[in-house]
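Next come the structures, one after another.
After this come two complexes, each holding chain A, first together with chain B and then together with chain C.
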Partner chain A sequence: MIEIEALTKVYGPARAPAVDEVSLYVPRGSVFGFLGPNGAGKTTTIKMLAGLITPDSGRVRLGGYDVARQRSAAMAQFGAVLEGSRNVYWSLSAWQNLMYFGRLKGLRKAQVAERAEDLLTDLGLWERRDDKVGGFSRGMQQKVAIAAALIAGPPIVLLDEPTLGLDVEATRTVKNWIVEQARELGTTILLTTHQLDVAQELCDRVAVMRQGRLVADLPTRELLARFRERDRYEIRVEGAAPPGFDAVARDGVTTISVRVSDPIEVYEVVERLRAHGAVIESLTQVQPGLEDVFVSLLNEPSHAA
Partner chain B sequence: MTFARGFAAEVRKGLLDLAAGWREVLIQMVTFPLFYLLIVLFMGGGQLRADLLAPVLLGMVALTFIHEQVNRVFWSYLGDIQSGVLEQTYLTPLPSASLILGRQVAAAVSALPTALAVLATGATAIAVQGGRMPVDAQVIVPLAAIVLGTCGLALILCGLALVFRRIEIITQLSVAVYAIAGGTLVPLAAMPDAVAFLSRLVVPIAPGIEAMRDILLGGHALVSLPTGWGLGWLLAQPLLITAAGVVLFNRFERLARRRGTLGRP
Partner chain C sequence: MLRDVLRAEIGKGLRIQLAHPAGHVITLLISTMMYLGLQFVLGQGALREDLLPQTLVAIGGYWFLQYAGLVMVADLIEDKRAGTFAQSQLTTAPPWLPMLGRLISASVFGLAVATVAALVPMLVAGIAIPLRWAALLPAALLGVNVLAFTFLLASLALVSPVIGALQSLFTALVLLLNGSFLPLALYPDWLAVLARVLPTTLGTEALTQTLFEGRTVGELWNGGTLPWLLAHTLALTACAGLLFARNHRRALESS
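After this line comes the complex of A and B, so read on.
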């Protein structure tokens, strides 16, 4: 599990806090989405979590170990793929990278070799294990970085934009693998991504940061449900729409989009349509996606977590 | 045990890099001996004078180590900072200074082929001049002092790289200054007293070079070195520089963590 308490970081006396009193709890075996626009403070938070940046105040615990006071024990719990970094040595082969990082984590040679074989096989890289990583495609390099982060079998894994720049096939492999790690092995995964469909698909819980502060921290379903009050409905009718409705016509079918604050209002709209002689084919509630929620959160003046 | 495994992994990685860059090593094995011969030619007014070949040879061997240990380690470290790989090494239970020391061991080993090429060239040139390359096992002590002292210097430069951008010029300048002030070409005894004093005090290779010349060319024993500040300082100086390197590196590292500069493009 990951525990973050009132984490704060200010880079200069005249600057606004990059991270302001952020607290989070990520339970064991869950996939936690950490979202926010560029400059929101995600990277600083993640690097404080990893012990790469010293916070001005607050505390981080990984698997119960304090990152500041029990660094060695905390790091033994942890593996990470950081965004914008190579993460592994391009001059070495995939196998050499895994052996190197495994040994740095304190594993014996035989332990690393066994684990490296499993990981490279799982990620479809076994046949290319002796090739230099510098010659790999972006997706393969990312897979090697993920394998290196996991070489010691850490109970906590941080994946910063793990599917960025990957093709469809590689993205699917990584997504499947994330789910497998969390569900079958109980690994706690902290995932940051700008690909909100990926977050919605994978994350049990989502936190959203804006200007150094958390503006949401809820289970994904609950977060989506919170915004259901602004759900849209789509009503499909035969022929043209009566005047006064927001409609799009395609292939002889007209779709009328209605935004309501109370579901009862939908029935009123249906009655009005019938009164105009419209033949209703279907009525569908449009569920908000995480992207809609994300945009709403960022556009609101403030939002309590 | 974790420390030993991490240290060994770092040394192994350095040696893999060495093997991968064998062409670069090969070029150095040609250019360094050539540089040595050119220096002796210039100093000898166009002749390979026998009285210059051996003293400059010893300075050149020391220079090879400082060049390899500082440049190889510093540039690889800077590359790791800029590519972001360095941050991954911080996500381990190991103290980071131990990994730099691992890099140093690999760099010292990497310096061996070039140093041997320079030695072989020097020995051949001396033989051609009718002389004989002196050999004395005691020379291992000053050579080890040079390697250890250079570790301290590299630690300081790597620490600076964690905090400051564009630190490359300091590294290039420091190697150039040490090449001159370390007495590689001109003995410290021939320099102004103040320069000689400062060189013996802070330049990692200076006491080592003086001791090597005393032992091999002067025929003196380690315990009775006539030039410089004696065996005590020969042993103490690299230890002090390395200790200072560890302290400064840790301070720079703490500063880098506060500023968030451990990894930056």
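After this line comes the complex of A and C, so read on.
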């Protein structure tokens, strides 16, 4: 589990807070999405979790160990893939990288070798284990970085933009792997991403940061439900839409968007459509995506978490 | 556990350096040619046999310092640029331990170049260097002196954008003044004092006194060379440690 209490980091002579009193709790075995626009403070928070940046105030505990006071024990609790960096040595082979990063976490050579074989096999890299990582595709390099983060079998994994720049297949591999780690092995995963479809698909819970502060921290379903647009409906009808309706036609099916002030008005719209002879295929309340929620949160003047 | 981390760091450093052997081969070639070329020019077309043994010890010290420093600083800069520096710090070991591992792997390459740079002229020009037990302590202290200076450079390299220029400046001064051109005894007094402030000079002086003048460790101590060498090495180590403590955190925050 990850516990963050009132974490704050300020930069520069203006003492502008990059992270401002952020508190979070991520339970064991969950996938936690940490979202926000560029400069929101996500990477600074991740680096404070990893002990790379010292917070000005607040506390971080990883697996119950305080990162500042029990550094060595806390370091054994997690692996990390950091954003905007190579994460692994390109002039070393995949095998050499895993052996190095495993032993850096204090594991013995034999322990690391066994685990490295499993990971490289799982990620489809076993045949190329002795090739230099510099010659790998971006997706393969990212797989090696993820394997390096996992080599010591940490209970927590921090992933800063794990699917950035990956093609569809590599993204799918990484997503499947994240789900497997959390669901089957009970690994706690905290990830940041700008790919909101990825977050919506993977995360049990998401937090949204804006200007260093948390503006939301809810289970994904609850967050989506909270932003469900209760006044918008979509009605699918066969053929063309009757005049006077806002409609989009595709493949012989027309989708009519309706905005009402009271749900009872939907029945009136249905009656009007029927009166025009329209055959109604379906009627659904519009469900927002995480992207819609994200945009709404960022555009609001303030929003309580 | 700490031993595993140290071994991993040394192994990684050696593998990364050996992944690009061309640079090391070129340095070896330069190191073997440069000394004899310099002495030939200084001797106005001849090698002065009376000066060769002492200056050869000094050039060995210079190459150890020059190449260990170069490997260490280049490795750190590349690591920081690539982003692997931050990853290498996510260890259960204290932060100084990976740095010690880097220092040891860099020193292997420095020592290799220094050895070749000394051995080839010995074979080519028939330079004889007597081996004495008393020289072991000064030689070891010379090595520690070089490593302390390399650690100092590395601590600067963590944050300084001009570390390349600083390193060139220091190594050029060492080459000019540590006795690689002329033995220290031939310098004017004021220049000898200045030269002794630089790394390797006191170590070279102590080593040549035992090798060529037959002095014992006790005589080196009473003569002041050994205490000064010890103090110089301790001062360098202390400065490097303080700089590392100050710069390490800043380096992580900017990585």
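Note that in this section the second predicted complex is superposed on the first by the 268 of 305 C-alpha atoms of A that agree within 3 Å, B and C clash if a C-alpha of one lies under 4 Å from a C-alpha of the other, contacts with A are read in each partner's own complex, and residues count from 1 in each chain.
The criterion applied here is as follows: contacts are C-beta pairs under 8 Å (C-beta built on N, C-alpha and C of every residue); 3 or more make two chains touch, one makes a residue touch a chain.
Remember, it's a predicted structure, so these values are computed and weren't measured experimentally.
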Fit or clash between chain C and chain B when superposed on chain A: clash
Partner chain(s) touched by A:105 [first = chain B, second = chain C, both, neither]: both
Touched partner set for A:142, first chain B, second chain C, both or neither: neither
Partner chain(s) touched by A:173 [first = chain B, second = chain C, both, neither]: neither
Partner chain in contact with A:254 - chain B first, chain C second, else both or neither: neither
Residues of chain A at both interfaces, chain B in one complex, chain C in the other: 47, 50-54, 72-73, 75-76, 78-80, 82, 84-92, 96, 99-101, 103-108, 148
Interfacial residue positions of chain A with respect to chain C in the complex: 47, 50-54, 72-73, 75-76, 78-80, 82, 84-92, 96, 99-101, 103-109, 132, 148
Chain A contact footprint on chain B (complex, rising order): 1-2, 5-6, 8-10, 12-13, 16-17, 20, 83-85, 87-94, 99, 254, 257-260, 262-263, 265
Residue ranges of chain C in contact with chain A within the complex: 1, 4-5, 7-9, 11-12, 15-16, 19-20, 82-84, 86-94, 98, 249, 252-253, 255
Residues on chain A engaged by chain B in the complex (per definition of touch): 11, 44, 47, 50-54, 71-73, 75-76, 78-80, 82, 84-92, 96, 99-101, 103-108, 148
